[in-house]
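In the two complexes below, subunit A is the common chain; its partner is subunit B in one and subunit C in the other.
Right after this comes the complex of A and B.
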């Protein structure tokens, strides 16, 4: 009897919790639903019926229109280029900086580490004008190359922080065993330490890809030429001073989510492991 | 194959000296065990031979080359670590062949060498596994395999069996010994476990506080420990230490044991010891036997192990352990009399802890 009562109470609790979770999920998905509904209707339909209603007519060609009028082929290429260059390069530099900070004893290593961390506290906004001047005098303002140094610099502190923490928990004996096996310091890093760091690297790659793909402020200030614009800057075109093409904007937003989604799906098994910080010995 | 010679090797970390001038000659093909309590410097010494620690002073010679300034990879040595230190992202075969791959040996040669090592260690079925898919004993064998593949001049083992359970430890002990007998590679093996030392070593080096206390064959250390430290470190259960004083009875020198609990005969040569001299008497638990003329003892605990019985008793206020072949079924508190043959005594100077050589004593 007790058991039945208990199991009934348990089932009820279970049900309530699930209901609550579904509620939260719906709430969470609402913006996405609105984006989706707006992206597949006409502007007039949206104004007449409001953003929560079902479209009168499905307008899939919004995506094509957004792609063409927004010149997404250029922006996509630019943003992909930034990700493909910046993310691996940043992670490589961060790992190369974090490894000695974690595993080698040298005078001032803690100071160096703290100096890196100070970078976390620098607000991007105060660096914008100096950056613009710097890139202009380097002659690369208005090109994609102007974005890479600041993106790297703002990404490194956190990446070094994470990678140093991870390298510290890798056993020293692995390094010593490799040294006994005849590995040079470079081989130890590239053939032992880096392959073992896939989980945190994947996590950082996802975070960094997302941040780079979505970065708006620096790109807005440093880039004005149409040929060098990135996706977030491109999306801005749908919003004019007197008129905003919400339907195309939302279609563009959906298109711009796709690469990030793909990368997340591809790396997510490492992502979870990286967050848990697990190392199988 | 090579000899290893340590000449006045010292190590300090800052102002803190951990090794105070170690001299040691390891013969070609010899199995040497460094043993001592934790913190005695044995692992540091091994790591200095390996090249993983710098040498503060003195010389380390492998073969006939001074290797002080050579990096590990130029010393042609292989090391097995306590936690195995297998590369988690490589399969067993890759782990074992890593050193050869680094040396850019041809693929066929690597496969051949890995195959040879795998056959020796019975690892052939596991070559495609990852370390995490192996048991502790298998991982240990892979770690040894990685060492053998390179055909090194010297094997170094740093407490390789500490992470294994008791049964596996006994089995691996025998495997390592068999491996050494087969390959005859000079081996330096570090452990804190004196049984490992006794069972495996050609010679044992007992260390304490950065100094060598005694070097000798296992039976030598057991039979003639140079001081109380070695005497109590080697042997299990540990040697008993009882206060004693040289006395005289009927014109012969005798030993008054534990404040008058008994009077035992001295060996024939004991006559040279001065009457009234205080000594510390060391007796192995297995040298004790029950006899009516022995010292009075009160049973505290009896521990039957099956083959033998361990008895802890009180002799004149000192706890003494005896190991008896016979079954002893006595209640705690029972009175017995125990004695040991004079030739099994170890006499030590209570002040210095050093062995008193009875034949030479004055």
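Right after this comes the complex of A and C.
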């Protein structure tokens, strides 16, 4: 009898939990629904009927209008360029550094590693003034080239940390055997270590792509020319012009988040599992 | 991201037989050079674009440093001026208050969720995805979205509250400090709880099953299993999640810059926002650098305190 009561109570708790979870999921997805319903209707329609009604008429041309008037082609091109240069380059440099830090012991290696750890602890927000001075004296402030070095430098510590953790669990015998066969360190790195580390590299590449796409403050400080704006800065600019045109504005916001949502939805297997794994290490 | 890792390098295998030691030493030397060359690009980048700027921040903080024209040495003037800078300390207070509330709110949502989605199954994986989704959206886009949801006439919150009968007339959330503050708290929870949830879930899953099984056989309730076994065993994950959350909130800028512009009446200025506006709106770069140094010191102290609070009594785990 006791057992039945207990299991009934337990089942009731489970039911309440499930209900709560459904509620939370609905709340979490609601902004996406709202943004979508707003982006595909006319401004008048939205004001008349409120945001939770189905549009009287679908206005897919909002996206075209937002894309054109917001000049998103420039911002997309810039952000894509940054990602294509920064992400592969950063991962290569980080893995190169992580390999000796994980698998070789030599004088100074601990010092080097500590330097990278310090890099993890210090946020980029405290070096904005020198970065602006540096980039202006190099003559590249206001160009995309000004963003690449700081993005690289501040991404490296975390990536080196993760890659070092991964390399360390790869068996030493692999490397020893290759050395016996006379392989150089370069070929060990490129032919053995890198091919084996595709899973963490994929995770880091996704994290890095999202972070680069979304980065706001550094781009805001270092870039003011319209032709060099990245997507978040361009979107801000767009909002300044169309403050009350909510339908166009939401179309713009949607344009800016569709790429990251797609990346996440298609690659989340690598993303979430790898994220968990990389912080566990 | 645990900063205290005792075994910095893997133990090397036993040395080779003496016969070939000469050749071995040569190859060992070559290997070291290769290793250094591998590290070089990363070192160069981190030194040039992180370490040198960090030292320059210190240097600049002792100067009156305009964007154009020559900087002038002023010693500790910037720090003295900062002591009297009411707006900076108000911003600092606000940032600490915001960090405390945001962290409690994020953990309050993320921890129960982590317990629920820890189990495997089709439904839980859907919840995980749904709750993680906002994490990948940038703060810029999320803030613009929220600014609109907060709109008094056609947004979401005010009309919804009216429709539900919670308020009689439209509420302009942008007009009051509380309105802005709590709206942004809700946004930050929406945007970041998924990340904390996944972190905590990983910690929960790393608790060995046999220990839990043994506890269950000994008659430990669900609550006891959580409080006495899981929680102590996931201290490292907890520390990491806490530090990331607090550090992130202490550096908050985007959402306040975009949604509230620091308003109403500068009541939602954060520390980074004030540093930004002193440095890049008023172009007092030296003063901004001094403010940055203070912020850095405060951040480091906070992180150390958190690590100390969550240290394991036995030392290593």
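Everything below uses one rule, namely that the second predicted complex is superposed on the first by the 222 of 281 C-alpha atoms of A that agree within 3 Å, B and C clash if a C-alpha of one lies under 4 Å from a C-alpha of the other, contacts with A are read in each partner's own complex, and residues count from 1 in each chain.
Simple rule for what comes next: a contact is a pair of C-beta atoms (placed from the backbone, for glycine too) under 8 Å apart; a residue touches a chain by one contact, two chains touch by 3 or more.
Everything numeric in this text was worked out from a predicted model, so none of it was measured.
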Partner chain in contact with A:75 - subunit B first, subunit C second, else both or neither: neither
Looking at the overlay, what does A:195 touch: subunit B (first), subunit C (second), both, or neither? first
Comparing subunit B against subunit C, which has contacts with more of the residues in subunit A? C
Once chain A of both complexes is superposed, is A:174 in touch with subunit B (first), subunit C (second), both, or neither? first
Does subunit B (first) or subunit C (second) touch A:112, or do both, or does neither? second
Output check: A:51 vs subunit B and subunit C. Expected answer is one of first, second, both, neither. What do you get? second
After the superposition on A, what does A:63 contact: first (subunit B), second (subunit C), both or neither? neither
Quick one: classify A:99 as touching subunit B (first), subunit C (second), both or neither. second
Of the residues on subunit A, which ones does subunit B touch that subunit C also touches? 176, 179, 279-280
Show which residues of subunit A lie in contact with subunit C when the two form their complex. 17-18, 21, 24-25, 27-32, 34-35, 38, 46-47, 50-51, 93-94, 96-97, 99-106, 109-110, 112-113, 115-117, 119-123, 125-134, 149-150, 152-154, 156-158, 160-161, 168, 172, 176, 179, 184-186, 189, 210, 213-217, 221, 232-233, 235-236, 239, 246, 249-250, 253, 256-257, 260-261, 263-265, 268, 272, 275-276, 279-280
Using the touch rule from the top, collect the residues of subunit C that touch subunit A in their complex. 1, 3, 8-10, 12-13, 27, 30-32, 34-36, 38-39, 41-43, 45-54, 56-57, 60, 65, 67, 113, 116, 123, 126-134, 136-141, 144-149, 151, 153-156, 159, 190, 194, 198-199, 201-202, 206, 237, 240, 247, 251, 253-254, 258, 272, 275-276, 279-280, 285-286, 288-289, 292-293, 295-296, 299-300, 303
In the complex, the residues of subunit A that touch subunit B are 171, 173-174, 176-183, 187, 192, 195-196, 279-281
Residue set of subunit B touching subunit A in the complex reads 50-52, 71-73, 77-79, 81-83, 85-89, 98-99, 102-103, 131-132, 146, 150
